[in-house]
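For clarity, chains are labelled A, B and C in written order, and residue numbers in each chain start from 1.
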């Protein structure tokens, strides 16, 4: 099939796409956008999280055919040109990036969280990011980055106002 | 936890952070290559036997299929003594899931589809995959076979001392098979051309991959390039190249120069890239009335593979940890028809210290002595077995500082008496230790570019730990220039030879190399070098090697809550205080400690590769079945360290921090769970049913 | 993955005729289960009919007090619906305890109901499984069966149903609206899923080509005091070891009405009718709760690795009832 979709605001087309391959494969292997990662292929790790019609989903479980004419947003589209987005900047500042393989999916999930819940509590952050596994950082830095991003976005992160946050 | 640490400066930010948050850092599978083909492996569905026939007719008819490779048409490789790399060299099957062929096609999906259509017949032979203590399968590894092995230790009279001891513990602990599961699956792109072989590969040592793959194909090392600028985690599983690298390079021999790409599926990673072997460990401790150890016995049994021996010697954790006049330490292996185990974060120490530090807690309970105090009373003055002085040993400082910070002195020692709502609450402690290693043989090139800039090259791999950042800092410091004036190149065989990223020895080994290379550069070119001035040098032998016992230490404190109705276990709070020599970059170092402790929480609560011995494979072989700790499983984790200046370990004073964070964590959590409930669980992981009444 | 034909349906009639006329055809909704199964080689449909654009994406409050949930309503949207949160908290809690945010954003009401077991052997085409390949044997019966059934299982299959949502729906006495080539019918959700018996390959009573179009919740005023409690290995993002969905009506310390369903215990969401019988009309005491749990679990048959499910269920059910009756009294 010929797949037409909008990725990061740009209309894109891929030819000879098999309807059953994943949106993730299309992005990575056909459209030259390997930012979204393939780490489990079954929606269990969140590394492939992308926006699909503005809602974060696991791109590995979206069949290409189902992505026809839809709008996709990936980690490559978070920055505004050279200007990093708030979550991207916060992840660097707080040292929330280590091997970097879970990072793209986490950034999309965190970006969505702060959009929906401007002042997330620690419990809300942990639950919202439960679908994004990280094997290196140990999450503490990711929590700090999301709190910082929320603060910089105008919200004051609920219980994360002091070091340590709540002890759930 | 930010803010509550002693570090005054967080350290420079991660150099490749920008590339990683924008999705532009290229991992192995992502290197743009022209006209690639995709590989899907064929794998054995029996645990032992041989392939009797392969019918590839249907697979070859699938649109886009370019090659079906099996032992019938694979070329002969040069035997280099590593059975994992000798793929498709015979019809023999030594474990379930073994690589027995490959399909190469224009797309990943057509390769996978065609692979399903290959018909393979087997002659099945009886297999044994059941880990147990049985004379049929148990043996003593030859201590000369590897530097990781040590012979049994027998000092004094353990049995007599135990008989006379005021307090004793005799307990058996088990740890399960665990898989590394770095987020980035092992991946490789292989392409042959007139110049030789190029591998874009996810590994812990590009030079090591080259040094093994080149002779395997009978080509000069110079004709193999291995490129690995970014690696998405490894934890030991990418330490040695595994069969998939050989298989992909083998397949690429048939594609007329077209690159062949292969990324393992998560499920394949449970069979093809190693694992932490299960252990069964018996620990016997005896102490006098004051809690001083009079006898220590630690006997470990670990699984290995008949296909390829691996031993990590868990019991050796008890050799130099505490003083004890009588001591027996033995390590045994049980050989089975299973995939080969390999190093996994703190191999030996992670499991061994779980057993020893759990036993120490049991001793503290039976002797009625505070567990922190018990450890302090057994602090040795010199390394107990070797008799060597310690290069530095600050375990007592870690324990005292940690106890203070954690609020340990308020602890009521009685188990099972604190309840908040539905939750039983307890706290626990354990010590950590990991050897400070130095791998020789690395070289670095220092080059003065125009405008006061320096180019530093070393063929090390940054597996996500922050090596790129730490080495840039160390180079800048040695050159006495700002960090911005140094451009560091690493991650491939284009750069000078570097040792493996492992053993927590990266910064120590490569940092020393860079610093020594800078010294050599200054000697050769002075402090006002011309543009293009260049020196390549390495670190010499450490004169203190063999003169001192060199280890990092730590103390881990945990608060655990166990649900009284359901047995669910939560870890709302942990504190780790470490003494690990010089901390080069507090920002990336903290993340390493935190990551290690979190993997320790995961080891304590979740990780368990379940082997169905009838089939011989891990049945929960994906991230839905094999749980690693998620964000919601981790509460507040605090990390701090003791300022430690160790002039003996290496020229940069670094002891290594990649592994110690996981050592002791599971014991601290298990000890806290006992304090919460009064139930002593000796088998990891601490799943809810083990606490149900 | 096997090649297949893909079509996007625009109305129910054409979707149904596309699937019912072709034994190899399947509906696809959010894809979270089916796409995974296609990758694993468990499902090899010849044709996929995408139903996500059918007009079943709304939640309506009906005049008679019932609530109709369209089959393509996303799990995340359903959990956020004010009418669900207020009138049926057990359902909102069950939805939010399932999977992760990213998966709830894809998964649909109909797809969630029809998801298949997560039995490791079912998901591994290299091991025998009667559900996947009838007659090949059950690997779990004497294998690793920690997650498997203790109620209603057979010698052929000991798998459990993985849905949280379906457990809440079973407790609420929801109805499933189905359209097929022979017209419409309504199936109580408690009768939608089957016990394995001699045909473990059949998860539900649906016939080929039948399409779930909606789920209807009865009015059930006391469901505003309801609760879903899921016990799992991880604090979030794990399938249930056991789960309890319950709603209690309490009048002056006596349980006047009650609905209970259990998850993680059987091939279907397990409606706890025996427990309800003991509880109805009884005083809200610990003794009653324990007696109710024991009555329901009397028929439990455990396997090598899942004995813990009996005490875990007993304790969890008692804990939920305690909480609900305490809540009512305070």
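In this section, a contact is a pair of C-beta atoms (placed from the backbone, for glycine too) under 8 Å apart; a residue touches a chain by one contact, two chains touch by 3 or more.
Since we're looking at a predicted model, the values are computed, not measured.
Hey, which chain ends up farthest from chain C, C-alpha centres compared?
B
Would you indicate which pair of chains has the most C-beta pairs in contact?
Chain pair with the maximum contact count: A-B.
Using only alpha carbons, which chain's centroid is the nearest to the whole structure's centroid?
B
Roughly how many whole angstrom separate the Cα centroids of chain A and chain B?
28
Let me have the rounded angstrom distance from the C-alpha centre of chain B over to the C-alpha centre of chain C, please.
Centre separation, chain B to chain C: 40 Å.
Would you mind listing the residues of chain C that make contact with two or more other chains?
1, 3, 235-237
Name the residues of chain B that each touch 2 or more other chains.
109, 622, 624, 629-632
Give the residues of chain A touching no fewer than two other chains, as numbers and ranges.
Within chain A, residues 18, 20-21, 41-42, 126-127, 130-132 contact more than one other chain.
Taking the touch rule as given, give the residues of chain A at its contact with chain B in the complex, in rising order.
Residues 18, 20-21, 25, 28-29, 32-42, 44-45, 47, 74-76, 78-79, 84, 88, 91-95, 97-104, 107, 125-127, 129-144, 162-165, 167-168.
Show which residues of chain C lie in contact with chain A when the two form their complex.
Of all residues in chain C, those touching chain A are 1, 3-4, 6, 8, 28, 30-32, 35-36, 38-39, 48, 50, 52, 76, 99-103, 105-106, 235-237.
Of all residues in chain B, which touch chain A in the complex?
Contact set of chain B toward chain A: 1-4, 10, 13-14, 16-27, 29-30, 32, 107-109, 181-185, 230-233, 235, 263, 265-266, 463-466, 572-573, 587-588, 590-592, 594-599, 622-624, 628-632, 634-638.
In their complex, what parts of chain A are in touch with chain C?
1, 18-22, 41-43, 46, 49, 52, 55-58, 61-63, 65-66, 68, 109, 112, 126-128, 130-132
Under the definition above, what is the set of chain B residues touching chain C in their complex?
For this pair, the touching residues of chain B are 45, 109, 112-113, 116, 422, 565-568, 570, 605-606, 610, 612, 614-615, 619-622, 624-625, 627, 629-633, 687-689, 692-693.
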